[in-house]
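Shared chain: subunit A. Partners: subunit B in the first complex, subunit C in the second.
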Partner chain A sequence: MVTFILRRLLFSIPVIVLASVVIFFGVSSVGDPLGELRTRPNVSQVTLDNIVERKALDQPLPAQYLLWVQEATTNRFGTTLLGDRPIWPDLRRALWFTLQLVIAAEVLALIIGIGLGVLSAKRQYSVFDYATTTISFLGYSIPIFWFALILQVIFTNIYRATGTRIFYTAGLSSTNPGTGLEFFIDRLQHLALPIIALAYISLALYSRYMRSSMLEVINADYVRTARAKGLRETLVTRKHAMRNALIPIVTLAALNFGALIGGAIVTEAVFSIPGMGSYFIRALTARDVYPIMAFLMITTIFIIIANLVADILYGYLDPRIRNE
Partner chain B sequence: MSEEIRERTPRDAAVEGHSQPGGSGGPPPPADSELDATYREGLRIEARSQWQLFRRRFVTHKLAMVSLFILLIICGAALFADRVAPYGFEQIDLGNRSKAPTLEDNHFFGTDKIGRDYFSRVLYGTGTSVRVAFFVAFLSTAIGTVVGALAGYYRGWLDNVLMRFVDFLLAVPFLAVLLVAAAFLGRGSPYRVATIIALLLWTTIARIVRGQYLSLREKEFVEAARASGASDARIIFRHMLPNTFSPIIVNATLTVALAILLEATLSFLGFGIQPPTPALGKLIDDGKGAMLTDWWLVTMPGLMIVTICLCINFIGDGLRDALDPTQSER
Partner chain C sequence: MDLIRKPARWLVLLAVLGLLAVACGGGEEQGADPDATELGGEATETEGDTAQGEPVQGGSVVFGLEQEPAILNPWLTEGNLFATSKVIATILYPLWRITPEFEYEPLLLEDVPETRGGEEGDDEPFTVTYKLREEANWSDGTPISSEDLKFTWETCMNEDWDITSRAGCDEVEEVNIVDEKTADFVFKRPYAPWRELFSVHSGVVLPAHVLEGENFNRIWNDGIVDADGEPISSGPFQFESWEKGQQITVTRNEEFWGEQQAYLDEIVFRPIEDVNTLIQQFRGGEVEVIDPQPQLDLVNQIEGADGLEYESSTGPQWEHLDFNFERPPLDKAYVRRAIAMGLNREQLASELIAPIDPEVEPLNNVIWLTNQEQYQDNWGEVINYDPEGAVQLLEENGCTRGDNDIFECDGEPLEFDFVTTSGNELRELTFEVMQQQLQEIGVQITADFGEPAVALGERLPAQDYDLILFAWVGAPDPSGGDTIWQCEETTGDASLNYTGYCNPEVDELMQQQLETVDAQERADLYNEADALIAQDVPVVPLYQKPAFQAWSSDIVGVRTNSTQWGPTWNVEEWGRTE
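Up next, the complex of A and B:
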């Protein structure tokens, strides 16, 4: 198992290197770092020259790439184009908020999605099954930003009508969040709606796949054997069927991690959460390529880590993979 | 399926009756002339083409048929918005500001702060969205099919490059990459935005087609075609391509829904289609400032997106069942 993990770790290094190459050359060729600045009347030629000198923009692209890698590894992604502001402190604070949102949404979506999938497979063609199918089809069809806006409208109106706060509809904390448990509850009240909005889309995916994966397993010989030797039905479902049906979901959850980050960009924009997504949108609005590349690089590393965890889990769940 | 069996029964019965005229236990054999008529009647069953079989199966899929009907109406109204819509896209009517949805004066979806009719605005916006989405589906399917076919057929470097590119796209947040490309290259033009979406979406279909070609190239009919001297191009496009139509069509359909969602998201965040071109995402973005009092400003364009995507997803489901009945989900 250790060699398996080590091998997978080593294998992800070239992927990260390749990603950095594609991200740097991709963003550099798509967006001229100075293009936007040149059109602004209040930016002088001296400022432009300074930026060119600071970021070595007069060098050929490969040299710029090496400089960028050096900056990223030794100086934590360096500074922004405009204003020369260090990227990492801002990004790290934002990263923590985004991780809270994404991980909570992923866990919620997995638990509910798997539950719904298992139950609707057990009761195939029942009303419950059709309801779940409808929910998941809606999940494929609802734009996440619209769903988030509708949640905002509903809960703001509930607050206005009843005067009690169930969930907040914007931001991360109240002006006076308190400490300890109070702080936690306050944060939860703020994050609940974003988490629901973000989880719903993934939930649709998970419940759909879990249902078909479960249906496949339920008809397998070893499940019939388990039932034939007189095991209780709950035990057959939980220990024999569900565990095996979960294996493909692990891969799916890892693949879906990128979609969750994309969803987080949108959700954070709607709920004005100061996370990575908002940071990214701000950089994009300013057409500042350096924070953009930093964002892409960090999220890529996170997705690679998610895939790594999935692979290791996969190896743990399915010994055939490990010994290959 | 059951219909087919029922329609074949007379012939089968006739054949059986013919081959064992004095069979014990069976029904008494009919008179010769009658038998002959039944027999010939049975033989006159027309062979159904693949297309006919597909159509029969699709038509029985009620949800897909209803969805197709609704989608056709919406698309028709949206594409001809300039004739269908009761008002213009930018037509201001200060006498009718912030009206809730009503049948009066045809303001089905209400009006906004400066009295623009929202039903008309949504129709125009849908027109753009639908055009963009079909363009994306067409372009990405065309690119994906050709690249996937060549990579699957020839293997080699093209296959390697394709798969590495696919790996890369799986390792980055797709929406972020799309946002970067749209922000720097989109310039708010619908066709530029559509092209950008298509250039990032084609890998899905390429992967599917590649997989199909990898297994098809080992099949006997390909070998037979090669043995009889068919050129590579002929094998790839005339012999193998028709065998991959099912997944291509299903995927192209689902791409339309995905493209509508992506374009709306881009436009909502301000990096997609820009005014003066109407777009559903932009309408929602414009309406969100007043959404607590004028709920219809956000709700109506969103409901339009959901309806279209839901219809397309149901149609895709029906197509999948109809094109490949062996693979239908249980």
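Up next, the complex of A and C:
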């Protein structure tokens, strides 16, 4: 198992390096990073010259790439183009907020989704199964910005009608959120709606896949054998069927998690969560290549980590894989 | 089959409940909140804002910003957002305040400054004497002095700093200190728009004793503080904290020099970028004062809602349709005039804007706004709605109508690309109405919408459009828009002329006006120029967009200010009634 993990880790390194090359040369090929600044009448030549010097923009691209890698690894991605402000504090804060949101949403979606999938499979063609199917398809096809708005309207109306605040409609915390438990509950109340919005879509996905995966497994010979041996049904489901059915879900969850880290843009915009999505949009609007590249690298690293975890889980779930 | 109907019934019930919850949002008791509109320089107050009782001492208000500032320094390029100035308006003061009636009111100044020199036969250059109020102090007790004025001018001119605009500052030859509170600004030539200098938040007066020797590009990025991180302010509030991505807090400046101390303990600014979210936050009391871009259903959601008030006024942003002179046959005056005559601006205004601002009328002047006393209707006759007249004009000039009912002039069909910003409901509707109206006079327009950064940031300056719809922001002094109407060769880099329009007579008048300090003479020169521009029809002015502000009924003192001074212009008068 250990060698398996080590091998996977080692393999990740060239992937990250390759990704950095693609990101750097890809973003650089879009055009002159100073292009937009040059058109502004008030930005003086002195300012522009300073930037060129700071970022070595007069050097050939490969030299710039090496400089950027150096900045990225030793100086936490360096500074922004115009204001020369450090990138990492803002990026780290955005990452932290997005992680809170995405991890909570994923955990919720996995627990409910897998649960629904298993139960649906066991009770195929029952009322429960049809209900879950409908809800899943609904969740999968609802545009998230619309769903988010509906949630906001519902809970605002509940507040206006009853005066009790269940969930907040945007932001991370109230203006004076207190400390300790009070702070934690306030944060939960704020993140509840975005978590529900994100989770609903992922949950729909997971429950469908889990259901079909379970159905395949449940009708397999070895499961029938296990039952024939006299094992309790719950044990058969949990220890034998589920463990095998979970394998495709692991890939799905890993890819989904990686994608959400950089991609929950609409959810974050609607709920005013200052996370990775809004960080990216802001960097794009400002046409500042350095935060954009830093964002892309972080997202890539997370996707690689997510896949690594998926591989390790595979190894745990399926002994055949870890021995290859 | 029965089993299947049951879950369906549950689902239907769920859906109905959900829809009810949503629908309940609109059907609340009619609070009949009157709206107030400001026109003709008169501000009328809503019943709601002061009638509800006296403000109490203390409390806090949450203000919903449309975006988060990038940095807090209002002088620098990155700090040149309206959102930034809304925060800064509570902390730092310029010399003048611009009132909702579009007037310059002395703020840090003792009185309206005296000017001398610059006239014909004078040997003295044009000089303005600024005298600061005796009682004006910084929050650390240091008097606001003429040294600060000089330092502010020097900072403006300093090439090391990334200043948004040095216009105005670069017209000053030198600054002479007369005494602690008085400074003489000597101009290079008579400069008519001198009042604009240090009148808005991109021109706030700077504390020399705090900023001397500091890196201006950095020191006020994350807070209006001194080198030790202590807040400094000249306004009723001071900087308290900035939790990035979440909120900016300002607290009452206990050492504020003004007669009226702020009632509130603090104001919290929260950035909410999505306007739908902003509305829900406002309805739910999570933010208490907002000034969103008005869209049609916005008013419906707030009107009649218990506990919420709003005010709309005729704002300084004026919408207009521009012609590209480099795209024949738009270089022909009769084509442009015919298109203008084919547009029913009254209809546009009453359908799109009147629901928000009932007093809206078509704009007939491209220099002055309807709320200013210098306003004169120079365009009404030239571009009044007359579709038959438009067709006649085209035919008189040799245009022929093809089989598809579209005119052809000089071999060019009157089919045009209509560029504007996407994601703006009002603009989309404007296009649809215009398309219909122009169809009748044999002109075809096709939609070419794009993101603001592309449509206005790239295509407009590159003159990559046939027709383009957007808005300029007016100001009490119209000189900011001079270069729109001047020939590009005259103004060079500073040019805002994106149509290609060029009339040497207009240029003459613009030059003259810039050096005419007498207000009435200058207004007349401007109107003369405007009448000439009207004859050429380089653009079709439509109307002024409404400014909109809404607040919770628990708050008093809030008043709209549609100028660049914005909604927080009188923040020391804001208070809670409980």
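To be clear about the criterion, the second predicted complex is superposed on the first by the 320 of 324 C-alpha atoms of A that agree within 3 Å, B and C clash if a C-alpha of one lies under 4 Å from a C-alpha of the other, contacts with A are read in each partner's own complex, and residues count from 1 in each chain.
What we mean here is this: a residue touches a chain if its C-beta (ideal position, glycine included) is under 8 Å from a C-beta of that chain, and two chains touch if they have at least 3 such contacts.
Small disclaimer: the values here were computed from a predicted structure and weren't measured.
Taking subunit A as the common reference for superposition, should the pair subunit B and subunit C be classed as clashing or as fitting?
Partners clash after overlay.
So, A:F137: does it touch subunit B (first), subunit C (second), both, or neither?
first
Looking at A:S272, would you say it contacts subunit B, subunit C, both, or neither? Reply first, second, both or neither.
Touch partner of A:S272: subunit C, not subunit B.
After lining up the shared chain so the two structures overlap, which partner does A:T285 touch, if you call subunit B first and subunit C second: first, second, both or neither?
Both subunit B and subunit C are touched by A:T285.
For A:N157, using the defined touch cut-off, is the partner it touches subunit B, subunit C, both, or neither? Pick first, second, both or neither.
A:N157 contacts both subunit B and subunit C.
Applying the document's definition of touch, where does A:V127 land relative to subunit B and subunit C: first, second, both, or neither?
After superposing on A, A:V127 lies in contact with subunit C but is clear of subunit B.
Taking the superposition on A as described, I'd like to know which of subunit B and subunit C A:T47 touches: first, second, both or neither.
In the superposition, A:T47 contacts subunit C only.
Figure out whether A:G262 sits in contact with subunit B (first) or subunit C (second), or with both, or with neither.
After superposing on A, A:G262 lies in contact with subunit B but is clear of subunit C.
Touching A:T237, do we find subunit B (first), subunit C (second), both, or neither?
In the superposed model, A:T237 contacts neither subunit B nor subunit C.
Quick check on the superposed pair: does A:S20 touch subunit B, subunit C, both, or neither? Answer first, second, both or neither.
neither
If I apply the document's touch criterion, which positions on subunit A are contacted by subunit B in one structure and by subunit C in the other?
Common to the two interfaces on subunit A: residues 149-150, 152-153, 156-157, 269, 285.
With touch defined as at the start, can you tell me which subunit A residues reach subunit C in the complex?
39-44, 46-47, 82-85, 90, 93-94, 97, 127, 130-131, 134, 149-150, 152-161, 165, 168-173, 175, 269-272, 274, 278, 285-286
Can you list the subunit C residues touching subunit A in their complex?
My answer: residues 3-4, 6-7, 10-11, 18, 21-22, 24-25, 28, 60, 62, 68, 70-71, 77-78, 159-160, 162-166, 217, 221, 244-247, 249, 268, 270-274, 276-277, 280-281, 283-286, 306, 453, 461, 493-494.
Under the touch definition given earlier, write down the residues of subunit A that touch subunit B in their complex.
For subunit A paired with subunit B, touching residues are 15, 18-19, 22-23, 26-27, 30-31, 124, 137-138, 140-146, 149-150, 152-153, 156-157, 212, 215, 255, 258-259, 261-263, 265-266, 269, 280-281, 284-285, 287, 292, 295-296, 299-300, 303-304, 307.
Could you please specify the touching residues of subunit B with respect to subunit A in the complex?
So the residues of subunit B in touch with subunit A come to 164, 167-168, 170-177, 179-181, 183-185, 257, 261, 264-265, 268-271, 281, 284, 288, 291-292, 295, 298-299, 302, 305-306, 309-310, 312-314, 329-330.
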